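Chains here go by letter, A, B and C, matching the order in which they are written, and residues are numbered from 1 within each.
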Amino acid sequence: MIKHIISHLKSQTPLIHCITNYVTVNDVANVLLACGGSPIMADDIQEVAEITSICSATVINIGTLNTRTIDAMLTAGKKANELGHITVLDPVGAGATKLRTETTLRLLNEIQFSVIKGNISEIKTIYQGSGTTKGVDADISDIVTENNIDEAIALAKELSKKTNAVIAITGVIDIIADSKKAYIIKNGHAMMSKITGTGCMLTAMIAAYCASNTNDILEATAAAVSAMGLCGEMAYLQTQKANAGTSSFRMHLIDAISKLDDETLTGGCNIEIRE
Amino acid sequence: MIKHIISHLKSQTPLIHCITNYVTVNDVANVLLACGGSPIMADDIQEVAEITSICSATVINIGTLNTRTIDAMLTAGKKANELGHITVLDPVGAGATKLRTETTLRLLNEIQFSVIKGNISEIKTIYQGSGTTKGVDADISDIVTENNIDEAIALAKELSKKTNAVIAITGVIDIIADSKKAYIIKNGHAMMSKITGTGCMLTAMIAAYCASNTNDILEATAAAVSAMGLCGEMAYLQTQKANAGTSSFRMHLIDAISKLDDETLTGGCNIEIRE
Amino acid sequence: MIKHIISHLKSQTPLIHCITNYVTVNDVANVLLACGGSPIMADDIQEVAEITSICSATVINIGTLNTRTIDAMLTAGKKANELGHITVLDPVGAGATKLRTETTLRLLNEIQFSVIKGNISEIKTIYQGSGTTKGVDADISDIVTENNIDEAIALAKELSKKTNAVIAITGVIDIIADSKKAYIIKNGHAMMSKITGTGCMLTAMIAAYCASNTNDILEATAAAVSAMGLCGEMAYLQTQKANAGTSSFRMHLIDAISKLDDETLTGGCNIEIRE
């Protein structure tokens, strides 16, 4: 793990420009602040280039995609590329509708992303250029297990080669890969899927981790994914202790993110390298 | 009460397509997950029909109505009708502005809803085809009490006959009726009106309860209304015990929804039938 | 302090029309309910004038400005002026982009605001008619300290003269001024900047405090600023006691707002007058 990765982040407070969905936008902003970054949400075509210019990273999340903001996404992404900023794509629901699939492919065609993060169905859709995702969750038939993990790693590596981006496939087992190297992460808890927004929060955290640790995007992404999972584990323990429910879990999750330090992450991360 | 109504819901995890307002959308998504469903929010005209097609129910909530999404609401609603899906309307603020009243009437004209849920002022506006609601809360002059409840029941039954939908009038006393039968529900707590979104959350819960219990929409709606009220009562006790405030109440409310089971609902529901 | 300022608010439950950003809109609605007001969010040009007409105050917050809603802001503000309602402007990020600066100046040109609330960088942008804010936080070079406070007070008084509005400059030290008199407020806690939305929540609270205490807008604004800061202090103590994080802090903040009464505010406010 990158030494002092969270200290780097907290000492730099990188500004992260998010063009994201209106369902989880508040959680995304709070998680960016909690992990040590600072959020700016702006999606009007007239100002996105200026906003991108004062930030360190740009997050594009198509969770509630609408045609008004597609051009703003393209403008922000191209500006970020021009400035050499970190760019992270979360293709929420790619494969579920023609609009989402086509927009995802167009974004990938016109923007060079640093990291692409999705569930296995979304990543397959990108790889194949088409898809049949049922909604915003991964199809059961696609889910990564110990049995098919080698195929999933191969997919991630190939897609990384094709897109020149770090690929993060999230699920019960997470796979983070570039064209040569893959990290397998087994942090996390099932309760994370019982609240909305853990995926969107993670995407923003990846941007903050990468923006403050630009010398190793692959490892910074793996660290962010592990950190989110570890905080999920800690939040579950707190929730269980109080015999509480999903809303308490959400609070404990963001609390844990705000309190996480390098030592706790190093002690709790469950990361394995497969080269 | 439908036997095993919550078990049905939890075993089916119905996908619910919500075109809803941006004030409470995060709560709505979290409540759908908490009660056992799964949310998808999408409101762009180019994709709503496809999203509706992969869901079991469609929720239309006009809380922050804007002209961009009206056509998306109509498209989604018609598609849901075509597929025989559950459709639930929450005409937030109908009667408060011309745009809301006219849009509500247009939606009712072009879409067959399974359930229409509103406060007494909104329901009166629909019945009369015009209205003078003061904002998004019921007018004091309209509020349902023991003294005027028979009139309100008659109104609900007549509107159900006219619209062929189950009518849910929410307030201190809730009335759920079709053209023949009415349920009177006395669950709930005053603190529910001190947080935003309990009405929107309930609308989404009704959709999830109905989508997984399609053989009795009237009773599924009554169960959802009673469940939300009962969780409000339990959340109040938790809040009071900790001498806490409205934000804790919101957390305890969603916690209670996530932990509610058939036994607790059967034991705590306060439902009376008036045929 | 205005005697019984919170009792006035709670007895009147003023309706507040908010055209605000989608990042913190849910918190804004919950804080309005918590403090004793009632929120209505509406931003479609076709209905904003009607919504404004049934409210007591109008809040315009440009946090996620988009060109669709600028005309709605102008229409709502002019209607509020026509009716003599309280109007509050939060020029979030003015100075950061051309769109935000120009929109802010246009709003100020066409609408008479009762209160303008911003951080020192935003207020300087308004005063100078241009700016170079880095994002939505105040520039470090601008921050108000004991050393430059007299300049900041002079700026606030001059801008108040120019705009005929009460000016609220928020930061570690808050300055609330009209053309003759200034209040210096030292309530608050650093953790307030670790969650999103405290500024937006405060803007809405100012509107509610002013709408129910119209005879002294300056003092009502100072009271709201002090109240928010005091609740931040109390929330910090709760958070610290539980060794919790930023999400717990947010909950305790809104809890404290919902429980605040005149006695606690009078006892805890840290306000100094500089004439």
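Rule of thumb we're sticking to: contacts are C-beta pairs under 8 Å (C-beta built on N, C-alpha and C of every residue); 3 or more make two chains touch, one makes a residue touch a chain.
Treat the numbers as computed from the prediction; the structure is a model and nothing was measured.
Between subunit A and subunit B, the superposing rotation on Cα atoms measures out at 120°, rounded to the nearest 5. Of all residue numbers used where subunit A meets subunit C, under half belong to both copies. The two sides are thus made of different residues.
If you average the Cα atoms of subunit A and of subunit C, the two centres end up 33 Å apart. Counting partners per residue, subunit B has 22, 26, 68, 250-251 as the residues that reach two or more other chains. Those residues of subunit C whose C-beta lies close enough to touch subunit B in the complex are 15, 22, 25-26, 29-30, 33-34, 38-44, 46-47, 50-51, 54-55, 68, 250-259. If you check the complex, the residues on subunit B that touch subunit C are 21-24, 26-27, 63-68, 93, 96-100, 134-137, 193-197, 244-248, 250-251.
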